[in-house]
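Each structure below appears as structure tokens.
Look at the two complexes coming up: subunit A is in both, with subunit B in one and subunit C in the other.
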Partner chain A sequence: MTRFLAKRIGQALVVVALVTVIVFLLLHTVPGGPARGILGPQATAAAIAAFNHEHGFDRSLPEQYWMYVSGLLHGDLGASYTLNQSVSSLIEQRIPKTLVLTGLSTLVALLVAIPLGVWQGRRRKGLTDYFITTLVFIGYATPVFFLALILVIVFAEKIPILPVQAPQAETLAGLFADSRGLVLPILAGAIASVAVFSRYMRSAVLDNLAEDYVRTARAKGASERRVVWLHIMRNSLTPIVAMLGYQLPVLFSGALVIESVFNYPGMGLLFWNAAQTSDYPILLGAVLVIAVATVIGSLIADILQAFIDPRVRGAIK
Partner chain B sequence: MTESPALAIKDLRVTFGDTVRAVDGVSVEVRPGEIVAVVGESGSGKSVTSMSTLGLLPPTAEVSGVIQVGGVDVTALDGAGLRAIRGAEVAMVFQEPMTALNPAFTVGWQVAEALRLHFADMSKKRAYERAAELLEMVGIQDAKRRLGQFPHELSGGLRQRVMIAMAIACEPKVLIADEATTALDVTVQAEILDLLRDLRAELGMAILVITHNMGVVADIADRVVVMYQGKVVEQATVEDLFARPQAEYTRRLLTSVPRLERGAHRARARTALREPGQAAAGTPALALSDLVVEFRGERGSKVRAVDEVSLTIGAGEVVGLVGESGSGKSTVGRTAIGLIKPASGSVRLLGESLTGAKGRDLRRLRRRCSIVFQDPASSLDPRMTVGDCIAEPLIINKIGDRDDRVAALLKSVRLDPSVRARYPHELSGGQRQRIGIARAIALDPELVIADEPTSALDVSVQATVLDLFLELQDRLGFACLFITHDLAVVGLVADRVAVMNSGRLVEEGPREEVLFDPREDYTRRLVASAPVPDPAAQRERRAQRLSL
Partner chain C sequence: MTASVPSPVVAAQPAPVVGPYRRMVRLFFANRLAVTGLVLLALLLLFCFVGPLVHPTDQIHTQLADANLAPGVKGHPLGTDDVGRDVLGRLMVGGQTSLEIGIAAGLLATLIGTVWGAVAGYTGGWLDAIMMRVVDAGIAIPALFLLLVSATIFRPTVTTQILIIGCVSWLVPARLVRAEALSLRSRDFVQAMMAMGGSHRRAVFRHIIPNAIGTVVVNATFQVADAILLVAYVSFLGLGVAPPATDWGAMLSNGISYTYDGYWWLIFPAGIAIILVVSAFNCIGDGLRDSFEVRLQGR
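For the complex of A and B:
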């Protein structure tokens, strides 16, 4: 296991290193360079040269990359051009809130999707299966921003039982103190994920229902409920867990939209605002953080999978 | 005859939908302590019959008739009533022990589950203790440790023993073994059959064995029920059935079964074949020397699949390569025509070195040999018509006149040229394998590698395909490496036989010598384990094997 972990962490480090290179290069592909982006098209050549010199953009690329990386290693992601704060402190403030949002909406999605998928798998081709499939597909096909708007219209305007805006508290405790405000953002995030997870679960259950071990369990005298919720469940969870890790970037991009619709003070909103003000250090810092999160996410998914599937466990001993 | 039957199936009929009548008026009785074999080819309804005794058929099946277990009619039971019978009164062992066990739970958990489902008051600890006893009972050593292992950590034979332990956990009155030894190697099959015999003696169970293998029937059955197209065509004691088959179908079935006997060999029309010693004189079709093939195993370690194998096949000669699963025989076949690169050693194909050949040379060499795979269903492209499949090698090698050639090839494998427009899924298994053969001979090869070409087929189909293959071999005179696990088939087709065991060539020589007078212990055990379709002879062989 330690061998496996060491190997996987090594791989993860390589991926992260590559990401820093890509992010760094992205910074330099901005038309006219970051100076143009910040100072605007009307800036004089002298102003741009001064800006470039101030930020070290007039040095050679490898030199700049080295500065960038050594900054990263010290936890320095640069400073925001517009918010007068360091990027790392901004991300530090925002990331727990986004984790709460995405974590809770994933949890809700799984709690709904797993039983739903199992239930559909068992009643395949029934009227209810078709009905739920239709609903799920609609949920899947609806853009998140549109879904969020519908939720707002229905639950905040037509039937005003929930607030339109997410809680604006600075701290996590403050966030939970106003938990009613969390309901709509979480719901908006969960609905799209329910679609994905329940489809996976449904097809995994269908595949497993046809397996020989199911026949063995029935031949032993196990009840249908036991066969499904014990024998099949364990084997059907593997694809879901494998997917969870790769779902992370998707969740973040969902958070981007949801946070801007509900004005939720997380990473997504930070990113959204930075994109509008061309605040490149924030954008690149966020991309880097998300990339690292994705790598960690898939690592965790692999480890979880080993816990569920003894064959994977055996292979990574 | 006085004892009441443990299992009595009366006039069972099973239909799927309105049209498919899978089982049509079947009646079978099994008395306590008796082993009854239900034998038949695929589609005969034997498995449907066995599944219906536990109510395990899918809901689309319509069942009528009576199935009595210890006097209780199973067909009249509801869910809970059925579950009380399943595992407790009637237990089943299935074909594929790898997939029949749940991969996510330990062996101990699964055996304990079988117990706890029926003894509600049994503690977990007690169930595990009993599970260990059961594993010991089915001949698994070190049972305590095995309890904590997962199915994928066990060999096929051990897994099947676990399945049997699970089946006998509640001491059922009836044990149904549905092709329980089909997926196993012959030596393991022999052990499992011994185990079933012992358990019958110990527990006095009634055992229903479902099989397509006449050798297994001869080995284990007291009585035999022959099924064909959903009907019972004959029921007799095992001695009577083999000595005096009554039904036309039974007779046909028995003649189709290849026999491992001294005289049972093809009559070769060609006299061109040289004696084995002389084969080396001309240019051999295939010469392997000190061949080593390695695969990457766990933790980067290397697993030797083929270990210093040297083998020569003369022009026009058929060499049978036999061995159990994992012995490396298929790897040898694939390496021989360059599909796998050897780690060391050399392959000489038709007098030229294949190991160093590249690009055009390699293609030119490959053109002169071909391969027939085991499963025709998966080795033909499902999106290509039969005609296109056969024509592909012609197209690749830019040979004109394809239409006529494809028609001629189809005729030579005894198929109507009109099937060229059909797709593989529209054909039967036997027809598909003939297409595979037609494709293999399309370029008039000098060497054909036949990798278990008849193993996926029913015996009667196997007989016709083998017959066809031999006729073609005779006519076209290609040399052949015939890879199979079936000793009787090898006895029928091969001039010389090579035996492999865990990557090594154990023994090699003329057919008569290797099969009937083997030098090596391993070969002796292998030959003795293959059941022959003759109860009296099989009894003798069993005694011999147990004394080995």
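For the complex of A and C:
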């Protein structure tokens, strides 16, 4: 287990380092560079040259990369061009809200998708299985923004019971105080995920149904309930944990769209607004933070998986 | 997603001997889901590329006097948008953009991913380790975020969209093909070819990739489906191709301001078109997977 941990964490560190290289290179393809962004389009060539010299942007690429990384290690992600604030403080304010949104909608999705997948797997090729499969297929092909719009039309326009606008509070407590405004954004995210999760669960259950331990349990006269919940369910959860790790980028992309539809004040909305104003420090800072979050998330998923399932531990060693 | 429509049970009487390709084609067409997908895709292609000949409309000039007409009024079967352009005609033109970008980007991504994965898996060792860590790093950055950043740097046109989406979404095929290449490189026919003095290049392009073609083709269809969704997302977020050009995501984004006016024809046709085309590609992918995966046949 220790060797597995060391190897896996080492890999994650290499990946994070590569991500910083990618983001750094992107920063360098930005038209005009930081000087244009801060001094504005009317700055003279001399002013830009002075600015670049002062901030070290005229040094060699490796030197600049080193400056960039040592800044990162001190929590310095640069300053926003338009919001007059440091990128790290902006992200710090926004990220808990995005985590609340993705966390809650993933939780809701899992609570629906796991029983749904078990149900479908056990009644494979039945009428309900076909029906749900068709729904899931359509759900999988539906863009999140279209789903969100349908929810708005149904629950805010036709039957006006829920607000369209997400709560605009600064703090998390304020967010929950206006919890009715959270329903539609969370629902939109959850429905999008159910389509993917239940599919995984269904095939995991199908795989498990054919396993020897299930047949043994049945032969020993274990009740169907015991077989399903103790043997099939528990063993099907391992692939679900692994999948959650791989789904993280998808979840964050979904959050970006949902936040922009419902005006939910998270990282996604910050990013979207920055894209409209070409505020590169925010854009690239957010990309970096989200990528690191994804690496950490899939690291945790892998470790958890090795923890619950000894077979995985053996395979990765 | 696995196909749920039962593949045909192979008849018990001795079937005439058929080659693997004929067999695959036969299995594909016996899969109802796959055929549905193929028919749907053909209809959508006809609608977008032949439709404008049957239903010619002016999608360049605005007709403010005819803005937001309801379906059926003044000979506009699906009404008009907020500057008076015919929605049905716009759906065709927008579909051309969505399909062109989606298909080309999906194929480009598959091409890059296949070569990358085959080289990494075949070479092995430290080169493989480095190449796959690059893939991990790429996967950690959500494609949509990267696309939006690129859209602010390069002015979005059909060509740049194809190149950018192709360059950010080749990671999954790279992983899949690498896994295949790892097992293929130790197979006897590759070893034999090397013993006869064949080059590495020949091994990768004549043996590894052709033998992984099943995985590649199946994945390509899913790549196209995902690329079409990505294009829609980018356009919906306002960073797609510039007007008067449009695509389905941009049309929907345009209609969002009229949600409360009840102008459903500005929202639903484009949304449903996206669902149909993505489902069509996913159905085809499932059907192809069933006909390539000999192991699963009869399941």
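Following the convention adopted for this analysis, the second predicted complex is superposed on the first by the 282 of 317 C-alpha atoms of A that agree within 3 Å, B and C clash if a C-alpha of one lies under 4 Å from a C-alpha of the other, contacts with A are read in each partner's own complex, and residues count from 1 in each chain.
Going forward, a residue touches a chain if its C-beta (ideal position, glycine included) is under 8 Å from a C-beta of that chain, and two chains touch if they have at least 3 such contacts.
Only a predicted model underlies this, so the values are computations on that prediction, with no experimental measurement involved.
Of the two partner chains, neither subunit B nor subunit C is touched by A:Pro62. Once the two complexes are laid over each other on the shared chain, residue contacts for A:Pro160 go to neither subunit B nor subunit C.
Between subunit B and subunit C, C contacts the larger number of subunit A residues. Applying the stated touch rule to the two superposed structures, the subunit B and subunit C interfaces on subunit A have no residue in common. Of all the residues in subunit B, the ones that touch subunit A in their complex are 54, 56, 79, 83-88, 91-92, 94, 96, 99-106, 113-114, 117-118, 150, 152-153, 163, 166, 298-299.
Those residues of subunit C whose C-beta lies close enough to touch subunit A in the complex are 1-2, 4, 6, 133-134, 136-146, 148-149, 151-153, 225, 229, 232-233, 236-239, 249, 252-253, 256, 259-260, 267, 271, 274-276, 278-279, 282-283. Remark: subunit A residues 3, 211-213, 215-224, 231, 234-235, 308-311, 314-315 touch subunit B in the complex. Partner subunit C is touched in their complex by these residues of subunit A: 11, 14-16, 18-19, 22, 26, 29-31, 125, 129-130, 133, 136-138, 140-146, 149-150, 152-153, 157, 199, 203, 246, 249-250, 252-253, 256-257, 260-261, 271-272, 275-276, 278, 280, 283-284, 286-287, 290-292, 294-295, 298.
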